[in-house]
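Each chain gets a letter, A, B, C and D, in the order it is written, and its residues are counted from 1.
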Amino acid sequence: MALDKNGIARRIAQELRNGWYVNLGIGIPTLVANYIPDGIDVEFQSENGILGMGPFPFEGEEDADLINAGKQTITALPGASLFDSATSFGMIRARKVQLTVLGAMEVSDRGDIANWKIPGRMVKGMGGAMDLVASAERIIVAMQHSNREGESKLLSACTLPLTGVGCVKKVVTDLAVLDIDPERGFILRERAPGVSIDEIVAKTAGRLVVEGEIPEMSL
Amino acid sequence: MALDKNGIARRIAQELRNGWYVNLGIGIPTLVANYIPDGIDVEFQSENGILGMGPFPFEGEEDADLINAGKQTITALPGASLFDSATSFGMIRARKVQLTVLGAMEVSDRGDIANWKIPGRMVKGMGGAMDLVASAERIIVAMQHSNREGESKLLSACTLPLTGVGCVKKVVTDLAVLDIDPERGFILRERAPGVSIDEIVAKTAGRLVVEGEIPEMSL
Amino acid sequence: MIRKVVANADVALEGIQDGMTLMVGGFGLCGIPENLIAALRQRGTRNLTCISNNAGVDGFGLGLLLETRQIRKMISSYVGENDEFERQMLSGELEVELIPQGTLAERCRAAGAGIPAFYTPAGFGTEVAEGKEIRMFGGKPHLLEHAFDADFALVKAWKGDEAGNLIFKGTARNFNPMMAMAGRITIAEVEELVPAGTLDPNSIHVPGIFVHRIFQGGHFEKRIEQRTVRPRA
Amino acid sequence: MIRKVVANADVALEGIQDGMTLMVGGFGLCGIPENLIAALRQRGTRNLTCISNNAGVDGFGLGLLLETRQIRKMISSYVGENDEFERQMLSGELEVELIPQGTLAERCRAAGAGIPAFYTPAGFGTEVAEGKEIRMFGGKPHLLEHAFDADFALVKAWKGDEAGNLIFKGTARNFNPMMAMAGRITIAEVEELVPAGTLDPNSIHVPGIFVHRIFQGGHFEKRIEQRTVRPRA
């Protein structure tokens, strides 16, 4: 059965390694913070200027001066630090953040990503996404395998305006975990529980490599 | 009579205007802080990272963590701020410092300055001088009119390796105050008390313009 | 000491004219110069270009200046939590230039640091790169980006002193420090204005040299855009 | 929280090898990593390239590593309050590259901010400009300068916490923050190491993400180069 949003987040959380600084985008990526494995210490960076971001505040303890990049009220954990936007993107560009998780509208089998603009619709802007994808050494895209029209979001080439080129290394969808090898395309690594390889093949428009045993995710 | 070092500093202090931030180099320039005219509020910047630098500390109150760019122990006045070297040179390059006073070995009649290197001798380095002269909107050079060998330091072209080109606007020496007009050369503005125009002409190797009445400095 | 205190927001805005370019601090509604925006609306200055990460919401932040059509152009990284903004943009009344957030921040920082231009990897291969010089560094393509040039910067700090020194609180810092450093004339409104010598000189976020005018804001609403809380266990 | 605490200077230096490039914080003898320099001397690592504004004095600061001939090359803005330095430089044993101080600071800052290159006016028309690209911005010539690339950065802070957050005191800040941000591996020695949550998160000068190893220094001499005082009135 296809994963729900929390399932995708839970699977991505398994990728966390001890000592990593992590930037989580808006939407599914934000949920990853709820599933940090035991024994793993990570710190969350939000590009509006905080490291050591904690959970939402208790009711009545919201502080208008403490928000995340999604403009949600948050808290700061012990050891947190606050800084300006130039320093924040400085640490992003200088690759001090080990993992960036973000959503996407389309991903290509060469690692291109499109997630900021749909021609003809109101364009809200790229925010920090272009900076993040241009610099992060490790980007995981969290998204549905298909869009609302049932079309694959894993393509041979993005049709929408790009956010970045050749930057995505791993995609976790409701159906599968896939690595991206720019030479070969999407490499199928794991299936969602109960999802068949055939379904994944059918719903992946870009080049897909299926090699050997493809295990089910263990969540 | 030619001015002594304190006289040069005293004359330069008359150039201070209310509300200016000022960077004083090592040597004669440092003495300018002792002659701030009444009613003039200025703040001193030292490029190693302080604004609002105060006088030397009282004996026993020296703090190894509070020095100026000449590595002398200093104090901080109320309203002072401390910052890193990147911010310090940021404010210099962004022209937030209204006046820079520094010494020189040679100045040309086009405003070039040489003050960091003598070929054949041990070279200590340019420190912050190249950044200061490249960016300051207002540079006053404080120096002796002639070197120890009796040769003019005001030349048609510098013979020593340059610190900056076309940047000096005013020179105050033991003999005179001179503006620099790159088209015309040194423009004589004032004579030190008792110093003749003839002496200044004789000791100025670069182009010198003497127009109209040349008053004595009032100190 | 050089004193920077002015009486209020209206006095602080002296010299702001139609057609000028302003930087306006804040991220969403967090850390925006509320009092200056209100005073600017009162003054009615028009045809403004605003460099600001976001464009406020309907009825608050820069949304207030959009309502009165005082803004001709927005330079931002993310916009559109704002119906009036969308209407003006789609109708062509409002020009919008979208810039990656890190590039926006660095172009402000560059202006305040006297760096006219720099290279950044952000936006390579996207429409942001169109018309820009591309150069390889370390085997990776980068775009040449330029420092902003703003007539005024309007920023909001938590505490400030008479000498113009600023301290920010929490994530209300965001773009405010770089914009404060970048403006030809920088105006800071603060929640608390204190005498010089009160703030720890080690803890100043923006040295007073960058701030030309400072005043204590009369009223701060500090609206929250997304109030998220967790249940008490 | 990610813990960065190591036991002492010697443990902190693990991985430093002959021939590496190090950034070393401080201005003159102010804010130098005394304990790390001492430990580095003990280790005897050789052929080092040191990026540091100055080169210490005879018998203190980087002068200690010059005595033992561990430094092959210095990249500095001002040197030579140091007889041994002068001797090695004149004899050709020591290579010296002199860089304008602001350019030195900005090349560190660029490294920590992921900016590979930038333009600065400093040095135009001088021998510093030789071989560099020159470009006009705003009618004024600028030089293209590149970010440094250092294997390790050794810095000294006043206070630090377990998460690697750093706070500096006075003008001992100088190059330390930018170097801390620039090192591939950054080691910070602090006068006082405190538990996470002790320092005000608003007042951190270097966020812990930039610091890989931190320890409390065992001994700080904090020598003064020019003791200047005024008489009591």
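Methods note: a contact is a pair of C-beta atoms (placed from the backbone, for glycine too) under 8 Å apart; a residue touches a chain by one contact, two chains touch by 3 or more.
Every value quoted in this text rests on a predicted model; they were computed, and no experiment measured them.
Common neighbours of subunit B and subunit C under the contact definition above: D. Among the other chains, B has the CA centre that is most remote from the centre of subunit C.
A count of contacting C-beta pairs for A-D and for A-C identifies A-C as the more extensively joined pair. A straight line joining the Cα centres of subunit A and subunit D is 36 Å long. If each chain is reduced to the centroid of its CA atoms, subunit B and subunit D end up 29 Å from each other. Averaging C-alpha coordinates per chain places the centre of subunit A 56 Å away from that of subunit B. Counting only residues that touch two or more partner chains, subunit D has 106, 113-115, 120-121, 168-170, 173, 202. Shared interface positions of subunit B, defined as residues touching 2 or more other chains, are 50, 76, 82-83, 86, 89-90, 92-93, 135.
Pairs of chains in mutual contact: A-C, A-D, B-C, B-D, C-D. Interface residues of subunit B facing subunit D in the complex, by the touch rule stated above, are 46-50, 55-74, 76, 82-86, 88-90, 92-93, 112, 122-131, 134-135, 161-166. Per the touch definition, subunit C reaches subunit D in the complex via residues 106, 110, 113-121, 135, 137-138, 142, 146, 167-170, 173, 200, 202-203.
Interface of subunit C with subunit B (complex): residues 1-3, 111-115, 161-163, 165, 181-182, 195-197, 201-202, 204, 207-210.
Residues 27-31, 53, 76-80, 86, 89-90, 98, 100-106, 108-109, 120-128, 158, 168-178, 205, 222-232 of subunit C are the ones touching subunit A in the complex.
Considering their complex, residues 19-21, 41-43, 45, 51-52, 76-83, 86-87, 89-97, 135 of subunit A touch subunit D.
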